[in-house]
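Step one of this worksheet: look at the structure below.
Every chain is named by a letter (A, B, C and D) in the order it is written, and numbering of its residues begins at 1.
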Amino acid sequence: MFDLIIKNGKVVSPASTVACDVAIKDGKIAALGHFNASEAASVVDATGKYVMPGVIEAHMHCQAPFQGCLGANTFFEQSISGAFGGVTTFMDFANMSRGQSPYTQALARAEEMSESAIDYSVHGKFVESTPEAIADIEKMADAGMPTFKMFMTYKKEGVMSDDETMLKVFQKAKEVGGLPMVHCESNAIAESNIEKCRQAGDMSWVNFAKCKPVLCEAEAFARAVYFTEYIGNGLIVVHTTNGEALDTARRAQAKDLPLYVETGPHYLTLFDDLYQGENGHLAICSPPLRTPEEAEDLWQGLKDGTILLTGSDDCTFDIDEKSMFLEKNPDGTWKQDFTKVVNGLSGLEIRLPILLSEGVNKGRISINKLCALTSTNIAKVYGCYPQKGIIAPGSDADIVLVDLDKEVVLSKEVLHNNISYCLHEGMKVIGYPVMTIAKGKIIVENGQFKGEKGAGRFLKRKIDPQYLAHYSLD
Amino acid sequence: MFDLIIKNGKVVSPASTVACDVAIKDGKIAALGHFNASEAASVVDATGKYVMPGVIEAHMHCQAPFQGCLGANTFFEQSISGAFGGVTTFMDFANMSRGQSPYTQALARAEEMSESAIDYSVHGKFVESTPEAIADIEKMADAGMPTFKMFMTYKKEGVMSDDETMLKVFQKAKEVGGLPMVHCESNAIAESNIEKCRQAGDMSWVNFAKCKPVLCEAEAFARAVYFTEYIGNGLIVVHTTNGEALDTARRAQAKDLPLYVETGPHYLTLFDDLYQGENGHLAICSPPLRTPEEAEDLWQGLKDGTILLTGSDDCTFDIDEKSMFLEKNPDGTWKQDFTKVVNGLSGLEIRLPILLSEGVNKGRISINKLCALTSTNIAKVYGCYPQKGIIAPGSDADIVLVDLDKEVVLSKEVLHNNISYCLHEGMKVIGYPVMTIAKGKIIVENGQFKGEKGAGRFLKRKIDPQYLAHYSLD
Amino acid sequence: MFDLIIKNGKVVSPASTVACDVAIKDGKIAALGHFNASEAASVVDATGKYVMPGVIEAHMHCQAPFQGCLGANTFFEQSISGAFGGVTTFMDFANMSRGQSPYTQALARAEEMSESAIDYSVHGKFVESTPEAIADIEKMADAGMPTFKMFMTYKKEGVMSDDETMLKVFQKAKEVGGLPMVHCESNAIAESNIEKCRQAGDMSWVNFAKCKPVLCEAEAFARAVYFTEYIGNGLIVVHTTNGEALDTARRAQAKDLPLYVETGPHYLTLFDDLYQGENGHLAICSPPLRTPEEAEDLWQGLKDGTILLTGSDDCTFDIDEKSMFLEKNPDGTWKQDFTKVVNGLSGLEIRLPILLSEGVNKGRISINKLCALTSTNIAKVYGCYPQKGIIAPGSDADIVLVDLDKEVVLSKEVLHNNISYCLHEGMKVIGYPVMTIAKGKIIVENGQFKGEKGAGRFLKRKIDPQYLAHYSLD
Amino acid sequence: MFDLIIKNGKVVSPASTVACDVAIKDGKIAALGHFNASEAASVVDATGKYVMPGVIEAHMHCQAPFQGCLGANTFFEQSISGAFGGVTTFMDFANMSRGQSPYTQALARAEEMSESAIDYSVHGKFVESTPEAIADIEKMADAGMPTFKMFMTYKKEGVMSDDETMLKVFQKAKEVGGLPMVHCESNAIAESNIEKCRQAGDMSWVNFAKCKPVLCEAEAFARAVYFTEYIGNGLIVVHTTNGEALDTARRAQAKDLPLYVETGPHYLTLFDDLYQGENGHLAICSPPLRTPEEAEDLWQGLKDGTILLTGSDDCTFDIDEKSMFLEKNPDGTWKQDFTKVVNGLSGLEIRLPILLSEGVNKGRISINKLCALTSTNIAKVYGCYPQKGIIAPGSDADIVLVDLDKEVVLSKEVLHNNISYCLHEGMKVIGYPVMTIAKGKIIVENGQFKGEKGAGRFLKRKIDPQYLAHYSLD
């Protein structure tokens, strides 16, 4: 007797779309086949729907004490918003500042996340390479958190890892079978530009993007890749935005360097013209939004396998938080100063819809490729496969049902992220998640959240060495 | 009640390896999961084994009236040999000469193949582009044979399709949703070289390879690709042997041209030094064997996705057939004349073992990649997916059990191909098929053939348009 | 005592611009330095002018019995028009048809050219590779004509060299230290397209360009390059029009293949929109005019050294000749049938002005690069360097004075090519030749022709082996 | 009446080799042509010799107070050694440390160099970007020294320019029409490796090369190029040693970035096996010597125009200086500690011979290319063309006569560099300078130095903007 049968759907994996039923028992996939409704306590009719492994979000910043803001959501609220977007597992970053233990911070963050309705995990964050910090890398790997974030910029903010730190973290990550995650922007280019803007007295939204142009990111990307090639480790580069960086990636991947590149839906659908608007600060994120031409390069990278990961880099700040350090002119307009804007965009809930609509339904990628990009590849790279990322006997029953024909006009009302604006306001997407199941329990159905606070469990991760030895997730 | 359960194996797909059982009923996969032995009429214990979709051989020449030889095997015998190599579906080529109907010839060939123990299909062959021949393309596609072979060389033998014919077949194949298959060698280079050898009076085995060097193949490859790009169709290039051609492929694939490249195990493991031996003629095939350096380029192509297909190009001629037009010198050695050697190598049975041993067990490709290269991708490109090429509910129960640790020394005694020599004689392979199941029936077990003559059925094929619209099988 | 001193000019070579005088004696450059007017019989004041080696035209078709037309000019008239464009040496092609001796034809053509006012030479033309034809290659090289033209298309017209002929001519050209010159268009693509147009009943000018698209040229280009790589010879590809071909060239040149690529001014300044006009047939040439985007690729090729040669491919047909096989509709418009248009554009006189204006004055290439592209490189590749192509002691005093500031509006009245239209009508060029000196004699001055019929001499050519051994003219 | 005529030589430029005489008056080239001996006060017979513009050395370190050593030569002695190697102009670097004025230091260095027998100039050196230091850039450009050296490593030694300083110097150099010169090695990689060696207690010569591998240089190279692309300036990268860096250069140059790459003769002829010897420390230079494979890549770069500059990076330390901080083991062998070795190799005198022998006489480059690489290109990039770098009327009569057949076995006795060893000891070179003329005076003839202390003059330089606007010296 199964707990639940999902009947008549099309079950999706990165390599196949199979018309069959999915039987679930004790929170896990029990069997694929064709079953009678009578064999289960309850049945979901998935006729006409795609039955996909739940989306995994490995890149978000919730309750980050960033520039004094914590964001609009608690982790429980964040898990609700995610669930509406098909997300069944998420990972966040430990807080970090000099002198602290990355390991202790990661444990603290895991504790905070335990109120979530879905499974969760934590990445370490590194800003220095003291012997103590480096020693923590092994502890974190042992504790199931073998991923270590670094920023190549934000020197003034005290967040940057310098080249020496990167090399040391790369080396140790390699030794413990872990993966560094790098935010690539050249601090020298960014800071010298900001200084020039300051001297010129023009800190407008538009100048934000000019301060951190494609080459600012591309230089840092190339440097991180050279360090990886030198150390011989694997690497995750988060939120890649441009073709120049992808060309560097192609050359490295052709040498079999295990370089896993992520991009996000905002870089595919939002562009730097937003900075020309009065409320351009709402679109300020790092790296900045780029041009439609760069977005085409990103789609090419998604198609040809240069980019194997997507992530939202979700930072859900409401207008008041984005603007909290800003002043206004006498005429009510903003005194534009991009250095005073809290960085980051909300995106957790819309990653899947945007990729369904702009990717699958526009013929750029198949539903199978989408499955890899939102779930399977992420599970593999971050070390929770095959527990997560696949619909197969024995795996967790984390599932999202997708209606590829459902049309939704994105707006702040449609989303569940607790903020009063939506950068995609008015955008029609075709293809939407219609049911989310976490470990066998329906947590979103008919537009209702049915999950439970604290139902999520800490996900202990370990990366398969084959993904660290070659550039391949097959 | 199932007919058969394969218990405790590791079920392989291109994207996953899942520890679960496979339940079979009425010749088809009924379910994946964990089942009790009591649920089936019989049970196979696959503990420690990989459970893979049966190998598909889309490139072989059996009973081809080639230069007066028919080869050592009937189609039934061929299916036996294949079954020992994990092959559960095979496809051969229609005979063809000017003035004949390709469609009629294909039907005749299908009839001949009906004695096979495994499912089978037929590719058309084209040497001219008369209106009648072109009209046959649609008939063939309608009859489930949407693949059309052409040779860019063998002009003197009357087998070559000239550029005009290629363009016309490409155009029509595109219109009917089919795929041309091209043997790429520049006839002008090959024939002018052969003529030079003839004038120089040196027709030694060694000169055979020199007459058709890498550039001979690479020029034709580039030409076929340009024609494809111009017409806008998809293309299969068979038996690709070198990195120069792969570089051409990479550029075309990066433009999203649906260019599916095949290579064969002989080009990965046999090299042109064989032509230096007295019995070098046994190694004569076209294109000729190359160098180990080229083989490394092929492995790279397999790894990075430039090559998505493997095929044996099996031509099982025994020594007497290979040598039937040759004469001997007074001292008993061969009067070497490569133009009198019947071309082609036996390979049907060893494709899987060689790719297991040299590919998976040497760490060059994963077992999942192997699955794609020997089965899934072939099913997709040739239009019989998901009936074939995957272990999923609803698919044919064509399965091969692989023991990745089993060691076999290849030799003529070990193989079942009815010939008295083996070019891989003495080569130890690690990893071997240990059981073959065709449509739910065990046809090879414990080294015994248990299949049935005529059990094979004609496989009606239709290519998914998405594989013709983009270069992607995901 | 010198015959002539050119004072105060800027003497240009591919690597330098030197402010000095040029002293001439007995038709040759005697010295460079600073001389008193009293040291010479006459003096030209070149203050503010660039003193450049005379333009060499190695690609023109004058008095070609092409489709029944001979063109508007005798060779003497052609040499006058050329002289106004700074041309001091030109080369034409032997006529050729099957069964004739290429060598004899070349001699006959040389005889015809002897009425020219400037020095001249002849290229052989090959349409077949009979033993006799091949044997002529050596005779031609010995006679100072080591360049051999072939067409890869025009099969129906009986002008095409097939692949076998190309290989044989390439081989023999290599043996005698000569260079094949190839017109690259795929006959199969071109003819199959023309046939389709014929069946569709649409032979409009616009369709002409569609029949011979970029890929039609690029395929043939790649094939010619593969043949060259295979034979190991050098190659000249004439009138290259697109970036796809240039990418092929770059790869070959990076392997040090001596592949010398030519483009012409028409492909840089005239585009395929001309075919939309009622008189679009006047713009019909082969390969067809392309887009501005392709022209940018050509400029890139000129800048980065992929293209080292320019040539006009001059075919000076007047309107009546271009239209002689055409009929008119009742309303007086042309019954468009591109197959009935005599191919080719006039360009001899405007090559230098266009390259000065569009190249040098628009900052795309330096005056030194221009010198190489119009004179020095051509002299080197075609084997008349340093007799031609450089202003240095001992070289022929073939010189053109250029005023880089002179503005001229191109029109049929401004040119001297005897035809009643100008495709560049109304185009303003900045930079123009103002004096032409051939072997020490002023032949154009103040807009007057001062040369002499029959003053030209046959130029015996021999190619420096270093240019055949490497891709380098340095 | 001329002062000197060089008769019957072959006068070399980057684009031509002309058989003519060179007439000299008042230290300058007066005329090229054919002159009577009676027209000059004296005559040199150059029959059979190549008459080339004198070698320019823009990269040497003489009297550098480096690690406490000044080197074996005064500037006068250095100019003598150079003259024997055909050098007629040299440039050195200002000393520099924090808080000092780069401009003042450059003037001081010019004063020190004034004892030279040949013309000289100075590059600035920058280790910081204080407003004062940046302001000095304009002063230096105005004073004829528009080239500014920075090191990307040697942080501990206080010599490194960090990324911020590089960006500021690049920006200002651009504004004043100058060029930065960068020593590319990643400090993070180098220092972290050295630290590892120290911890492992193995500071052997061999480990020196391992600490600064190809990727150490390549990362810094890529970073410098990205900064250049970002700022939009031109750049000189000195002493490039490997193909990875050249590939980066090719991509940048293809975008028309004015990136001028230098390599040196030691990287073409000396390899890292030298570090295995007891006296391996004598071969320690930075970047380290590489492999023969990398040298082949450098030759390719020289051939295809990726590398347009050569320089010796001469640091003439005698054995005692190289070893002055080293200790010995009881058995008399060195206590190997590469951090205690004074870096740098002698090379000023052998650059021309090595390039003649390994380059021209081995068929890798033409004598014209050699001319560009040793003189013309350097004059252009460093801003002293056409005063230097060309044999043309009006240019300085700096000339070296080369006998391309002269064989010399290199040894410490043959050279004039005041040191007691020669890393090329025993190497036979074919092709050697046989006479050196500086500003019309013979300074080396028949193995004798005939120059005069203090005859050199400070060379005021200014870079032609065209070389800063495009990647092209034509």
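As a convention for this text, contacts are C-beta pairs under 8 Å (C-beta built on N, C-alpha and C of every residue); 3 or more make two chains touch, one makes a residue touch a chain.
Please read these numbers as outputs of a predicted model, since none were measured by experiment.
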item	value
From subunit C, the most remote chain by mean C-alpha position	A
Whole-Å gap between the CA centroids of subunit C and subunit D	42
Distance from subunit C to subunit A - Cα centre to Cα centre, in angstrom	58
CA centroid of subunit B to CA centroid of subunit C, Å	50
Per-residue multi-chain contacts in subunit A, two or more chains	none
Contact graph of the chains (line, ring, star, complete, other)	ring
Which pairs of chains touch, using the document's own definition	A-B, A-D, B-C, C-D
List of subunit C residues in touch with subunit D within their complex	13-21, 23, 30-35, 253-254, 256, 303-305, 363, 366, 368-369, 372, 376, 386, 390, 392-395, 466, 469-470, 472, 474
Residue numbers on subunit C that touch subunit B, as the complex places them	162-164, 166-168, 186-189, 191-192, 213, 215-216, 218-219, 222-223, 226-227, 229-230
